[in-house]
Amino acid sequence: MKTPALSVSNLRIWFESGSNRNHAVDNISFNILPGEATGLVGESGCGKSMTALAILGLLPAAGIKTSCSSIKVNGIEISRLSQAQRRDILGRDIAMIFQQPGTALDPVFTIGSLIGATYRRHFGGSKQVIRQAVCESLESVGFKDPGQIAATYPHQLSGGMRQLAMIAMATICKPAVIIADEPTTSLDSATRSIILQQLARLQKSHQTAVLMISHDLGVIRQNCNQVLVMYCGRLVEKTDSQHLFAHARHPYSAGLVSCIPQINVQQGSSLASIPGQVPTADRLPPGCHFAPRCTRARPVCDEAAPELDDAQGVGVACFRPLS
Amino acid sequence: MMNDTWQRLKSDRYGMGGLMVVAAFAFIAICVWSGLLGQGWSEVSGNRWESASASHWFGTNLLGQDIFQRTLFGTATAFEVGLIVTLCSTILGALLGALSGWYSNGWLDEVILWIKGVLDSIPFYLFAAAIAYALQGNTWAMHVAMIVTFWTTTARIIRGEVIRIKQREYIEAAQAIGLPDLLIIFRHVLPNTFHILLVQASIVFVAAINTEVILSFLGLGIQDGVSWGLMLAESSQEVLAGHFGNFIAAGSFLFILLMGFNLLADSLQDAVDTRRVIQ
Amino acid sequence: MTRSYVARRLLYGIPLVLGVTFISFLLMVYFGPDKTYELLGKNPTADQIREVRQALGYDQPFMLRYADYLKQLVTLDLGLSDSSGESVSSILGRTLPISIALVLPGFVLGNIAGLMLGLMAAWYRGKWLDKLIMSASVVGMSVSFLVIIIGLQILLCTPYGLNLFPVRGWQVHDLGSYLYFVTVPTLALVFVTLGYNTRFYRAVMADEIDRDHIRTLRAYGASPFELMFKHVLKNSLIPILTRIMFSIPFVVISGSLLLESYFGIPGIGLVTFNAITSGDQPVLKAVVGLTGVLFVLALTVNDLLYSLVDPRVAKP
Amino acid sequence: MPNTIKIAMLLGLLLLGGCGDPPATQNDVPVKTYKHAMDGAPGSLDPAQSASLYANFMVVNLYDTLYRYKYLARPYQLQPNVAAGLPEISDDGLRITIRLKPGVYFMDDPAFAQGVGRELHAHDFVYSIKRHFDPASRAQGAWLWQNRIEGLDDWKVAGSDYDTEVEGLRALDDYTIQITLIQPFPQLIHTLTQAYAAIVPREAVEKYGQMLSSHPVGSGPFRLDSRNDTRAVLVKNPDFRKEPFDLEDEGYDPASQADLGLHVLQGKIPPFVDRLEFEFITEDAARWNAFSAGELDFIKVPVSQFDHVLSTRSPLKLSPQLGERYHFEASPESGFIYTNFNMADERLGHHPDPHQASRNRALRCAMVKAFDWEKRNEIFFYNIGRVFPGALAPAVPEYDPDADISYNRRDVQGAIELLQANGWNENTLPTLDYGFPNSVTERQIFEQFRNFMMDAGYPSSKIRPMIFATYGDYQRAYSQGKVALINSSWTMDYPDAENLMQLYYGPNASPGSNSANYDNPDYNRLYEASAAMSESPERTAIYRQMNQMLIDDCVSINGISRTLLFLWDRNIIMKPDRSFLGGYFMRFVDLAEPSRAAP
């Protein structure tokens, strides 16, 4: 079996207030193989973005704590590294693409210098070399005139172009893993598909593992091999993407899938939705967090939390999964 | 809103400490006003430059006046200056700021901005001096000087806030049903800036007390009575001869009160600023 | 950056200058201190009083005096001091460099130290270092300028303390004597501004540190040094520059007023203070008028600097 | 980064700009420098505008006057300066002829042809006095000669044309001045020692105009080197006339002055020092500290340091530690401090109704009784000021040391009774404004005053402080009658009691020096009758009679003459003076060891 490009096990994230621990992410584990794309889906606030930041080690901030048994990139343990050691990994072996291309790039530096700085940080080299690398990287995401783009400031580009520049920045060091956090959410649909295509292309050509975080199942279906469904900080289903859309096993996954608007929806038929609301992190129900909203819930669901058994690479955390 | 603010303030130890200090000083001031404390500030009750004793806690000054009594009276002066200046400049700033924000980019706004710009461009102490001289001999010269210069900051903040509030739906709705502008401003806009005014007022209070000291030193302070600034001015002539009574008494009272106010202002700011609390 | 833009910016400053000069003229000259009686001999007659008022120009109508004042400012022919008879321009030329030399070290150090402390506090936000720095700055803010000056003087300039520096004066002719005379005023200035500066810089930096693009850079392995000194700093330049630019005229005039009158330093602050207490209107008029002009210049320069430091501000 | 370098250079330039005033030391020649502290700064250095003590001090060192006082003689005696001798006075006292020394030259200045200073002539003196009667010169000394000199006042009325001769003020030739008086004016020669009468060359006035006040061109022993708001440096005028110093001629008294070491000066040519450095330090404490640190050679000791300086008060004795380092002198001031009642204010002063006038007099006298001179003297003058009744201060021979001083004795009970007897009570007592220019000390003096009055039952709210930003504003206010209680001081212009008696002469009322606005026909008549008299037993009797009127009418709470304490470094050979001799002593200052290490 190939070494996973990214392997996360038993990641937990919690807020500490007084003696209470409110888990935002509760004990999740997954692997991503090189060249594969994994989708992480769930409603807003379920802990997706936090998971991404925790993997990069950017999380420990005021009041937020993390723990895990291991996080490995290309088989190298990164969760126990010091800040300085971790900085060597970040951007070189694992890179991230952020949700808001409008604010994610420093406005007072040119695109070229931002991308170049990433390259220089990890590989060094003369100005010439860096410039060359920047241009190649920009070209590889589809810019026709990389030299000119490099000289522009972020605010002079459109949202889509900024996101492409971001991708160029993420790929300039040819990392083993790219985490894309809602890379297309703020873009219009035409731009979105360009971005997704470019991502997919780079993923193939560089054999990069991609963790695609999105609440948009359409995006996931288009790009991902594997899907992780997250609810209230827990993974509730892990499966391959085609399988999910055909046979979601967790009631929540099924609900999500049924929410996808179909192009060919008939007039008059209402859009399905999941009843109830997502509970906040400090008021999580005991047992299965989804139970209060679940039409299939039984008393047992309120008492114990079902485990996700993914020995076969797929699994579901439910006492009464759909079959 | 105010209830939440109070709850948050109550949970801030430093803020409550500050509040307690301020309250203690305010209590002294009230006692002075009602004639219970500090009435002997002007009386000669000892020999010159007596050192601290049971009858003169902080010793006496050149004339033989009791420094402790004068310090207490100075507390009342500080509060009088602080309250008057804070109240007037906050009201002025709120009104002009609200008008300026409500009619932003109109002629009224331009005029108010111009006045603000002009007042902000004159070095403060020079300006205060000028007003003090123009109103020579007037008891309120110093107060006026401070009010005229302090309202601009409040107005700027309120203007920004009003411009924001103006775009809220309920305000637009109020306009749509034809309520007069002034009514909307007073009933719906200004009350929503109250928390900002509160913070700003606490900052102005500190500035007023601080400024009184400097102006008194420069000879532009209060007319009759005694203030910490006057005591410090007095001390500046004595310390080199080794008499520290005035300096220590006024300096430490001033420091403790300012410290209390700064802490209070800080935690007030935290308490009303929900954005910061979430972070 | 076109010349016409600069000209236009300066043009916008004209109403401001007019306002500043008018108000200050009204207050400081028209209602201001009266020098007549200081220039009179003993036992003056009514005629002599009239003569002196005439010589001082007090008998002219208000608008005429104001117009004269504007003309003086435009032609930079500021007249002669009513006290010493020295030309006001030469007084300013003599005193301004002293004031600048006096406040510059304190101003620069106060800002740099405030910046460093602010950066540290912002970086370690919520940690004990932040709390320590912020508590110290509240303490600093709570000490009155006057108390600082008197306290430092006792500590450093008298036999009750270390007695290392002069109580007053400014006899500067080389670096050694400069340091000898400037140290205590500088410390006072740093002390009084540090608390405010630190808080200001921390607030600005803390805002910047929260920005998405800083998180991006961290995700790409940028070091704290690079983050703070390259990205955070450059992004906060606008508020920082604004603060610095706008405080320059005030530090030079207001800051030096207290320092110079306390330490007996013959700079523009002391001259202004003496002009106030002796009613030397030509000097007062010049100082106030020039400060107004300086302020408008600062506004303009500030706008120009914006476009230099922030590419988002349209190039004029 | 080139920008950084530019900024650094700019900063460097600014710093250099701040470093003016390079030391004028030549390395090979030791420079004798005398550093003198003054408690205020002069304004103008134009003799015609030298109203302040500080300006006087400097002007007499930069310019020449006809007369000065003898350096060492006390009481003060006139001494010719550029006059060749004492004046010749006609028998009727109206015509005065003064001859000038030949060979007195103005210092070189671009104002003169070829920039070389020319000889000082009689017409220069005439011109300099005329300037006081020319409104364009903003002169302040006209009151000294107003209505005294034949034709001078008319000359002004006619338009102040310098080319028109004034009959009573003429240069007979280059070296002879003739002054014709309207009536005898025995104090005239004293007025000619004043800086106001210093001799200015017309060329300089015409070249520099108003800027003459910062660019002096005189013939005095020193030239102005530099000056700002905190200090001035004068350097020796190398062309100053060579007149050997003669101890006897200057009134040397070996009995009292031997300790000063003045004998070594005999026969040397003044000025003895190369540089005079004046430090203008208004704050007492700062001045004292600078002196203690050795930054100054001379100081008038601030009252707050009297405790520290004196070992005993009577007799006045310097503490032994200080005695090792410093010379010491106690010098009575030539003036006094007093609080006038505004007699023009009908609530407490003159009143047409005799009954009310007498009630007002009772009010004033009660306030005089309530005033505690002992405490005032103790707190503000360390008990070494001299308190006296009326206007005849100890500085003049007319002062009567055996006079009844009950006027100055506190009697609170008497004050209360007096008020009661005249129907004054809390409600009827007028609210009085006590004026003062802003300063910490003035405020303390006010608070003490109010305390005294409160002891006699005067409600504290009825004595209000009226604070003025500048001394000029205060003067204006009391000159316009807006102040009821006028705290003020008088410094005598010349050593003659006439200068004191005129303080209460009716026609000198505000804006004149009679700030009390006292107007008593009897007093006025006596003053006029004695105006032409010189000091004599008859005049003394008249003056004492006038003084009694002031006491009886309770015109003023007066007065106290301060005792000034001087300290100067033992290395300095001099006898300093702050009254009539004033700055003239500086040309005779010498250093025992010429070259000392700079501090």
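When the chains are written out, they are named A, B, C and D in that same order, and each has its own residue count from 1.
Following the convention adopted for this analysis, contacts are C-beta pairs under 8 Å (C-beta built on N, C-alpha and C of every residue); 3 or more make two chains touch, one makes a residue touch a chain.
Because the structure is predicted, anything quoted here is derived from the model rather than measured.
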Subunit C reached from subunit B - shortest hop count over touching chains: 1
If a chain touches subunit B and subunit D alike, it appears here: C
Comparison of C-D and A-C by number of C-beta pairs in contact, larger one: C-D
Chain whose average C-alpha position is farthest from subunit D's own: A
Most centrally placed chain, judged by C-alpha centres: C
Where subunit A and subunit C are represented by their mean Cα positions, the distance between them in whole Å: 52
Rounded Å distance, subunit A centre to subunit D centre (Cα mean): 89
Rounded Å distance between subunit C and subunit D, as computed from the means of their C-alpha atoms: 38
Where subunit D touches two or more other chains, by residue: 283, 285-286, 289, 469, 473
Shared-contact residues (touching 2 or more other chains) in subunit C: 33, 158, 167, 276-277
Of all residues in subunit A, the ones touching two or more other chains: 62
Chain-chain contacts as defined at top: A-C, B-C, B-D, C-D
Complex interface listing, subunit A residues touching subunit C: 56, 58, 62, 84, 86-92, 95-96, 98, 100, 103-109, 117-118, 121-122, 153, 155, 166, 169
Residue ranges of subunit C touching subunit B (in the complex, touch as defined): 15-16, 19-20, 23-24, 26-28, 31-33, 138-139, 141-147, 150-151, 153-154, 158, 160, 167, 210, 249-250, 253-254, 257-258, 261-262, 272-273, 276-277, 287-288, 291-292, 295-296
Subunit C - residues contacting subunit A, complex: 125-126, 211-223, 226, 231, 234-235, 309-312
Of subunit B, residues touching subunit D in the complex: 42-44, 48, 62-65, 132-133, 136-137, 219-220, 223-224, 230, 233-234, 236-241
Of subunit D, residues touching subunit C in the complex: 11, 14-15, 17-23, 41, 43-46, 49, 51, 135-136, 138-144, 146, 210-214, 228-231, 279, 281, 283, 285-286, 289-290, 292-293, 295, 469-473, 475-476, 479, 493, 502, 508, 511-513
